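Listed next: structures, encoded as structure tokens.
Note that subunit A is present in both complexes that follow, paired respectively with subunit B and with subunit C.
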Partner chain A sequence: MSSPGPAVRLEGVGKRYGRHWALRGVDLHLLPGEVLGFIGPNGAGKSTLIRLLAGLARRSEGTVEVLGLRLGDRAMSPDGIGLVPESPQFIPYLSGRRNLEFLAAIRTVAGPAEIAKVLARVGLDPADRRATRKFSLGMRQRLGLAQALMERPRLLLLDEPTNGLDPAGIVELRGIVREAAAGGTAVFMASHLLTEVEQVCDRVILVRDGSIVKEVRRSEQPPEKTVRVVVSGDPDLDALEQWAQRRGAPLTPADPKEGPRARLVPVPTSTPELIRELVGAGVSIEEIATVRRSLEREFLDLVSSA
Partner chain B sequence: MMAKLIAIEARRLVTRGRFSLMVAVAAAFGVFNLLDSHSEPLRFAGSFSAAGGLAFQNVAPLIAGVVSAGALAEDRNRGFPHLLMSRGLSRNRYLAAKAAAMAVAAGAATLAACVLIIVAAAVLVPGGETGADSLTGPIPALLASEPLLSDLVAIGFLVMATAALATSGVAVGTLVPNEYIAAAVPFIVTIAASFLLSGAFTLVSPFTYLELNREYVAVLPASLLTVASPIYWACFALTCLGTGVAAATRREFS
Partner chain C sequence: MGEFVRIVRYDALCGLASWRWLAVPAVFALACWNEVSSLLAQKGRAPVNAWDGPLSMLQDQPLVIFVLGLGFLVVAGDRYSQDRSRGTVALTIIRTRSRTAWWLGRVASAGVLALAFSALGLGSALLTSAIRLPLELGPSVAAQVPSDMKGALYPSFDGLPMPVFFGFVVLYTALALWPLGALILAASVLRPAPYVPIGIAMLWVLLEAVALPSLALRGGGSADPFYHLFFAIHFQTPSGADPASWPWSALVISAALGLAGAVGALTLRRSDV
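So, the complex of A and B:
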């Protein structure tokens, strides 16, 4: 049985506004059922990429293929997209349900039953007749998610979907995204909430100045394993630094909250071997713990190197 | 899909409170004119051409602005077109549907107001035919021979005018996502044209095609009176739509 083609395939994609390249040389693919996170500093090109994928903007160079449709010189949205824009807004004098009915009438895929079901799924009351102008930011965000989900999209594009959501809403969003992915929907999620992206995404790409600079897979081990070592006294710290110099393993000061004798040490081979080496080098160890290099750290490194 | 979208969008505009408000305001002006602004006794047939429709040279641009012209800018300001266009609707089709819906809603408001004026005339004005001695209507010969038909033609011209004026909101709304600016443009353009355009330029002034009792008849040759208004407003609407589409394509608006 042949595997399904990618929901998104970008090759050498660039987008220029005047003389400014908002995106340049972007290659990526997204498979059905996969959740791809997209993070980067402000102005990195996240919203531009979402506009390209949604068919709301034309690429200036490269190939954009979304849901099997090659998007050419004319901006057009492929069928099967669910888009949650950043801070979604609705017709203010209509209720949430009426807004969804209005949008559903364009494709005529979702009927009243689906609309009621999806409203309940995102935590909104289908019987609520209040106009959306009275909705809080979090409620509008939930409604935005509902309009994107109601037609069972094959590609879900989320631009800062956690904006305005309370902690319970964020947890629900995580469940909804994983549920959609389990049903075969490809999910593309741009967010500033790094821990959220890290928890829900299969892969995360980091962008800077319109280019992808790094890709991190959730299933992957961190490229370099690091341990946090707290030594007993200053002589041990000297011994640790001498060992590091001999081994060519650069030490990094740990979080100041860990105390002055804490250091982050890259693990050359394995952790038990490292412990044996340090003890052999005369280092008295008070504490040792594996440190996973977080996405946050990656992001901060990315921003600080910009 | 287009017809459905136009119907949905038009319904959206027609069900707003401002639609009913403008219908009431326009009808009130018309009824006031029936009762007050005429120099000879009115009869039902021809009463709209002679008096009921007199205020529309100012009211029609107001209807177009308040009811429809700001709709695109309002939606853009909210980012709502994103949600529509991500459902496979192309930008041009969206703009065309929006323009059609805006025109339909504005035209419907004028039509509703005109119907109310006609109903009021049936109640307030004696039956019979209005004499055309000092009044012209859009087509003087028609008012003299078929005054009721003259009323219907005048209503048709005003409905077309309001509908076309509303499409200015497509051009303006594409360039500036500000509802109030887009809503003000039909009125400002009409009034400004009435003051600024003179001589041969009155041929292109929207005011000429709204003031059906004096300007229209005075500026245009008699042989063109039946077709000039429809042609002018069709060109006006197409120009607005074309400008909007060109600007939207260039600016990748959404």
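So, the complex of A and C:
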């Protein structure tokens, strides 16, 4: 059996607004059932890329192929896309359910049963008759997610989907995204919440100034192991620093909230071996914990290296 | 066809979701109150009734241009820019098979909004007029008989009951407003910046206020969609000038709608939304 083709294939894609390139030289592919995260500072080109994939904007150069349709000079949107724009708005005097019914009527794919089901799935009451103008930002975001999911899209585009969601909503979103991916939907997610992207995505792309600068696979992490060590007193801190100097292992101050005697220590061999070495070097250890080098660190390094 | 109708319905529902609509009854009521006051102040004028308020309002050129024309353009003219920034355009366009169908649906929904505007505005004016003047089935004496050598307050069809004639005027006004809204929509697709539609609408209306009287005098205004907002152009004037023909009005309105449809459809084929 042949494997399905990519849901998204971009080759050398660039998008220019006037003289400013919002995206340049972007190559990427996204397979059905895969969740791809897209992270970058403000103005990095995240929303532009989503608009290109949805057919709302046209590329200035390169090849854009979405769900088997090559998007050329003529503007068009491929069939089978679910889109959650940043801060989606609805008809304010209608209920959430009525809004979805009118939207769904355009494509006639989702019926009342699907709409009720998807509303319940995103945590909204299908029987709620309140007008959407009375919805909180988080409820509107859930409704935005519902409209994107109700027609069982083959490609789900999420632009800052966690905006306004409470912690429970963020956890639910994670489950919904993984569920959609398990059903074969390709998911493309642009977010500023690095931890969320890290937890839900199979791959994460880091973007700066419209170009992809790094791609991180979840399975590849952590690239480097570090432990956080809290020592008992100042003499222990001195002993730790002497050990680090001898071992050539650079110490980094930990988060100030951890206290003045906490340090991040790279693990040369293994954690038990490190503990033995430190105890042998006369370091009295109060606490020790493994720290994963997070995507956040990766991202901050990337931004600060610019 | 079904998809087209559903786009029109969704766009019209979106178009009604603006707080600006709340100003429509208030502005028309105020304008009609002034009109009725002016009718009542005219000494020697034959008796008037409630229909005379809104219908004689529609003979007043500045009122028609600013309250009716500019009012509609302000309420519904910048829908494309607003819906684009709210993400509503994205939500509907990705669900539509072709951009041309999507755009024509939008142009058509401008017609639905024009009807809503005309009915809401003139309906409010009629209610205001009915507070001060008697509501009768037939036309008032002032509407039938020339008085003070000025002719009737407004022209109408002989023998037609006033509610029917008033309904006809509401429909005609909506039909004449439709191309104005559609043309401003098309302009906002050509230049989708937030204040462009309202800016163009204001400029257009100001130019009309200056140019329309002289154009109309020379007969040159008949190709201008604004000129067709005046239902009275289709009737013999007291001065004996020829009335505009109904087919000509239909042609001007259709041509303006066709232009708006073509410009928008061609622009959207090769532009970002």
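The rule we apply is simple: the second predicted complex is superposed on the first by the 235 of 306 C-alpha atoms of A that agree within 3 Å, B and C clash if a C-alpha of one lies under 4 Å from a C-alpha of the other, contacts with A are read in each partner's own complex, and residues count from 1 in each chain.
The rule is simple: a contact is a pair of C-beta atoms (placed from the backbone, for glycine too) under 8 Å apart; a residue touches a chain by one contact, two chains touch by 3 or more.
Here the structure is a predicted model, which means the values were calculated and not measured.
Aligning the two structures on subunit A places subunit B and subunit C in clashing positions.
Once the two complexes are overlaid on the shared chain, A:Ile81 sits against subunit B and subunit C alike. Shared-chain residue A:Gly37: touches no atom of subunit B or subunit C.
When the two complexes are overlaid on their common chain A, residue A:Gln147 makes contact with subunit B and with subunit C alike. Looking at the shared chain after the overlay, A:Arg58 reaches both subunit B and subunit C.
Once the two complexes are overlaid on the shared chain, A:Pro6 sits clear of subunit B and of subunit C alike.
Touching of subunit A by both subunit B and subunit C, each in its own complex, is seen for residues 51, 54-58, 74-77, 79, 81, 83, 85, 87-93, 102-103, 105-108, 147, 151. Across the interface of their complex, subunit A is touched by residues 2-3, 6-7, 9-10, 13-14, 16-17, 86-88, 90-99, 268-273 of subunit C.
Those residues of subunit B that touch subunit A in the complex are listed here as 1, 4-5, 8, 12, 16, 78-80, 82-91, 252, 254.
For subunit A in complex with subunit C, the residues that touch the partner chain are 51, 54-58, 73-77, 79, 81, 83, 85-94, 102-103, 105-108, 147, 151.
Of all residues in subunit A, those touching subunit B in their complex are 51, 54-58, 74-79, 81-83, 85, 87-93, 102-103, 105-108, 147, 151, 157.
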